[in-house]
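Next come two complexes built around subunit A: one with subunit B, the other with subunit C.
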Partner chain A sequence: MLSYALRRIVVFVPTLFITLTLIFVLTRMLPGSPVASLLGGQSVNAAKIEEVSRQFGFDRPILEQYLEWLPRILSGSLGQSLFFTKPVTEVLIQRLPVTLSLTVLALMVTIAVGIPLGILSAVKRGSFLDYLGNVLSSLGMALPPFWLGFVLILLVAVGLKLLPSSGYRPLEMGFWPWLSRMILPTIALSLSQIGLIVRMTRSTMLEVLDTEYVGMARAKGMPETVVIVRHALRNAMVQIITAVGLLFALGLGGSVIIEQVFALPGLGELITTAAIRRDYATLEGGILYLTLMALLVNLLVDLAYAYFNPRVRLA
Partner chain B sequence: MTNDAVAAQSASPTLDVRGLSVAFRRRNGLVRVVRDVDLTLGPGEVLGLVGESGSGKSILARAVLGTLPRQAEVLGGSIAFSGGDLMRMPPSQVRRLRGDRIAIVPQEPMTSLNPSLRIGRQLTEVLEVHRPEIRSKERSVRAVEMLDLVGVTYADERLAQYPHQLSGGLRQRVAIAMALICGRVELLIADEPTTALDVTIQAQILDLFVRLQKSQRMSVLLITHDLGVIAQTAQRVAVMYAGEIVEVADVNDLFASPRHPYTRGLLDSLPRSGRVARKSHLPSIEGSVPSPSAAVRDGCSFADRCAFRIAICDQQAPPLDSAGLGRSVRCHRWADLTAGFARRDALL
Partner chain C sequence: MLSVGLMMLTLLMLFTLLTPLLVPIDPLGISAVDKLLPPSLDHLLGTDELGRDQLSRLVVGSGISLRIAVAATALTAIFGIGLGMVSGQYPAIDIVVSQISDSLLIFPGVVLAIMILAALGPSELNVIIAVFVLYVPRVIRTVRAAVIEYRDADFVQAARSLGASDLRVLVLHIFPRAIGPTMVQLSLGFSSAILVEAGLSFLGLGAPPPAPTWGGMISGAREYIRTAPWLMIAPGAIITYAVLSLNLIGDGLRDMLDPRSRAAGQ
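Up next, the complex of A and B:
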């Protein structure tokens, strides 16, 4: 198991290298220069722009910049934010809990609602419940999360005045102040994910319930709950977990929009504004953090894979 | 008929299936796959159920177990097991019989064990459900004993292994151990237990079967399309064709003088040392089992493939006639055909 985990981690090295290169290239491909945007409102002349460019090294050839940039990033130094005038790492650490709260909560809700609903739909296939699950999941997948966010704000926050409409309170300020501001964004983000996981779980379970070994478990006189959980679900888990891992990565992307809708000061919001301001260092750092989170979840998925599938573990 | 078989039938039967009909629900209505089947299995008896693929053997077995697929529906009949009617028992009660007093050895050892559970777990969970009085430590001990009994080597190490680490033959042995672990099996249904194994392993598993059947005094319903397996293990044989029982006989009688043209065809298509010299081709039965969804025809379901078909075969379905002690045949012409076959065999 340990050697399997190590092998999975080694595989991440090229992935990380490619991701970093993409981050560098894509940020440099943005139209407009950071210097112009930094000097914005001021009346500037060409000499001033050139001076600032030289100061930050933007005038040097792109390859040279990259070769200087890559080792620096790898050593963990993300540089200085052009706008916050403090280290990028510091800015990111501040924003990280917001995005983590949103994505992890959404994932928890997705798992807690989606997987049981998918199992029930499969076990009681053709029933009213199956039909209801199907309608709900189609609806969830069809509605864009940002639109859902606005509707939730209108209905729950503005109309019923049950929950705050936006903003963020850190967990240190109390559980309820934190949670009350996370509920609506979490629902907005998780609803589309639930639809996907319900379908995935349902179809995988249907497949597994048809296998010989599930038939054998019934023939052995196992109670139906044991047949479904121990014999069917355990084998379906491999595929369900793969889907959950993908959803988390999608959720990170979705959080960028949801954070805008609910005015949550998270990584997504930071990345958007950094992109607009051509704040290269912050942009790169933010994307790097999101990428690392996605890679970490991928690793967890791979490990869970091995747990549920002995053929992977012992290979 | 042997004395054994007579004794088995006179005692109250372990399994008594009467008028069982099973159908599949399809878009265009019900399709009957088991049709009005009567089957009796005495205590300690091995009954072979033979037929081509698609003749309804496995569905019959699953009906007895109470694990029919969702699309299947029992249209009527009764299944008496040790006095009670399985068809009229609540499903939870039938479930408690399964794996305990009625067990099955599956057809496909490669796919019938759960790939993500250890062998030990798959064995002990049967005890957990049916014999809760046995403590968990003893369960593992019992699992090892069972594996030893069915000839699995390094039994205690196997408990921690997963199915993919075992060969097909070993997996089938594990499946047999799983069927017998509760120690009170009265009816064992073996659904093509050796079909998926290679020939040497087949012989070993059959030997094991015969040995266990004798030592555990259980009744076995042995489903197969392999007449060789039947000859080796069964005392009585029921031949199934297109969902119907077409002939029942003591195994020696059946091989010596088959009464139904279909049985005759099955036996003729077996390679035999005496015949090969005379014929270059192995005879086969023309055509194939009619699809159950084909329109139900009047008359005999075998008529289309039968070389001895006469007018009545297309008009009237033949009843299951008594044809001597412990024998029955579903054929209009069995009496005159038997005489004819006897003459032909004498010539050969």
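Up next, the complex of A and C:
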């Protein structure tokens, strides 16, 4: 297992390197000078622009900037945000709980609703539950999450006045103020994930239920519950855990748009505004955080998959 | 499922092509007196804050959305199949292609598309490029996997011993085996293209105004969510409809081409 883990980590090194390079190249391709954007509407002379350029190192050749940038990023120093005038890391840490609240809650709902529904759909194939699961997953994957967000605001916040329509309260301000503002975004983000996991779970379970060892367990006269839980589910779990990990990475991407809909000050909202303001350092940092989280989850999923499945590990 | 999906998609195309023949279409016509009207006979879907007819905008938006999705999917198909075949066949090229496409897949969801559009600027062409970059790695992987699976198969070796070139073997002997999974990937990529385009234009990174994109219409309607909620409903409903029809086609193709999932689906 250890040697597999090491091999896997070694393979991630070039991927990380290319990912970082892509982030650098794309952020340097942003139109317009960040200096002009930084100085805003101020009437400035050429000398001032040059001074700020030199201060932030924008005047040097791009390759030189890159060679200076890469080791700095790898050492965890993300630089100074042009707009917040404080270290980018500080801004990101401040935003992180919002994005994590949203993605983790959505993942919890997805697991709690999606996996049981998928299992029941497979076990009671053709039943009302199976039908419900199918409709829910087809709709979930077709509804644009941001539109679903607005429909929820329209129905629950504006129409029924049950929950606040947007904004964020940190957990320190109380559990309910935090949760009440998270419920609608969580539903909007999780419905598409539920759609995916229901289908995944259902088809994996059907495949497993069709195998000879499950037939064998049945032939021995085991109670159906034991057959499903101990023989089928345990084997299906390998695939399902993998899918859950990938869903988390997907949720990180989805949160970018959902945060805009519900005015949640998270990483996604930060990235979109930083892109518009050409705040290089903040944009890089935000994308880096989201991407590294996804990368880490992918790595963990790979390792978990190998742990549960000796065929992968020993191949 | 395939037939239902195809029927729904045909209806959407008919809606896009025929509505202009049935009602006067003027997606940009501004009228101060007619602003924020609820649906009526004159304006079947009401009007927005500038008095523009919503049905007109929806139809034109439908054209934009389908155009982007078709173009992005065609690009994805050409480059995905080409690069997938080459990298499955030649290990030296594979190292580069796979490494880059794996790195592209690491970026969560639309983050990569947001970066690309921020760098290139919002326009219809750049949305096509962004969607293409987002989905081409998936097709490369699918085709590459099929090539690797079959490149040492008996029928391939037989063809080679008869003197067939690499190109001939790849295109005529191996690629036919990859058509099924590739079609499924492409149809799912097509529906994702519509969702991603809607999301990007919602963020203001799609085709710039006054082009009436579906996502842009939803974004514009959010200020009027209390006073004119109907503005929000139609664009979202049509996105859902379009994506649903394409997903049904994708599922139908998968069931048709993969007997295992057909058994599971019933």
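Note that in this section the second predicted complex is superposed on the first by the 292 of 315 C-alpha atoms of A that agree within 3 Å, B and C clash if a C-alpha of one lies under 4 Å from a C-alpha of the other, contacts with A are read in each partner's own complex, and residues count from 1 in each chain.
Basically, a contact is a pair of C-beta atoms (placed from the backbone, for glycine too) under 8 Å apart; a residue touches a chain by one contact, two chains touch by 3 or more.
Just so you know, these numbers come straight off a predicted model, no measurement behind them.
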Under the stated touch criterion, which partner chain does A:287 make contact with: subunit B (first), subunit C (second), both, or neither? second
So, A:98: does it touch subunit B (first), subunit C (second), both, or neither? neither
Who touches more of subunit A, subunit B or subunit C? C
Which partner chains sit in contact with A:311 here, subunit B, subunit C, both or neither? Use first/second/both/neither. first
After the superposition on A, what does A:215 contact: first (subunit B), second (subunit C), both or neither? first
Now for A:241: first (subunit B), second (subunit C), both, or neither, which partner does it touch? neither
Touched partner set for A:226, first subunit B, second subunit C, both or neither: first
Mind pulling up the subunit A residues that touch subunit B in the complex? 211-213, 215-223, 226, 230-231, 234-235, 308-311, 314
In the complex, go through subunit A and note every residue touching subunit C. 14-15, 18-19, 22-23, 26-27, 29-31, 138-139, 141-144, 146-148, 150-151, 153-154, 158, 202-203, 206-207, 210, 249-250, 252-254, 256-257, 260-261, 271-272, 275-276, 283, 287, 290-291, 293-295, 298
Please output the residues of subunit C touching subunit A within their complex, sorted ascending. 99-100, 102-104, 106-111, 114-116, 118-121, 191, 195, 198-199, 202-203, 215, 218, 221-222, 225-226, 229, 232-233, 235-236, 239-241, 243-244, 247-248, 260-261, 263-264
Looking at the complex, which residues from subunit B come into contact with subunit A? 65, 67, 95-100, 103-104, 106, 108, 111-117, 125-126, 129-130, 162, 164-165, 175, 178
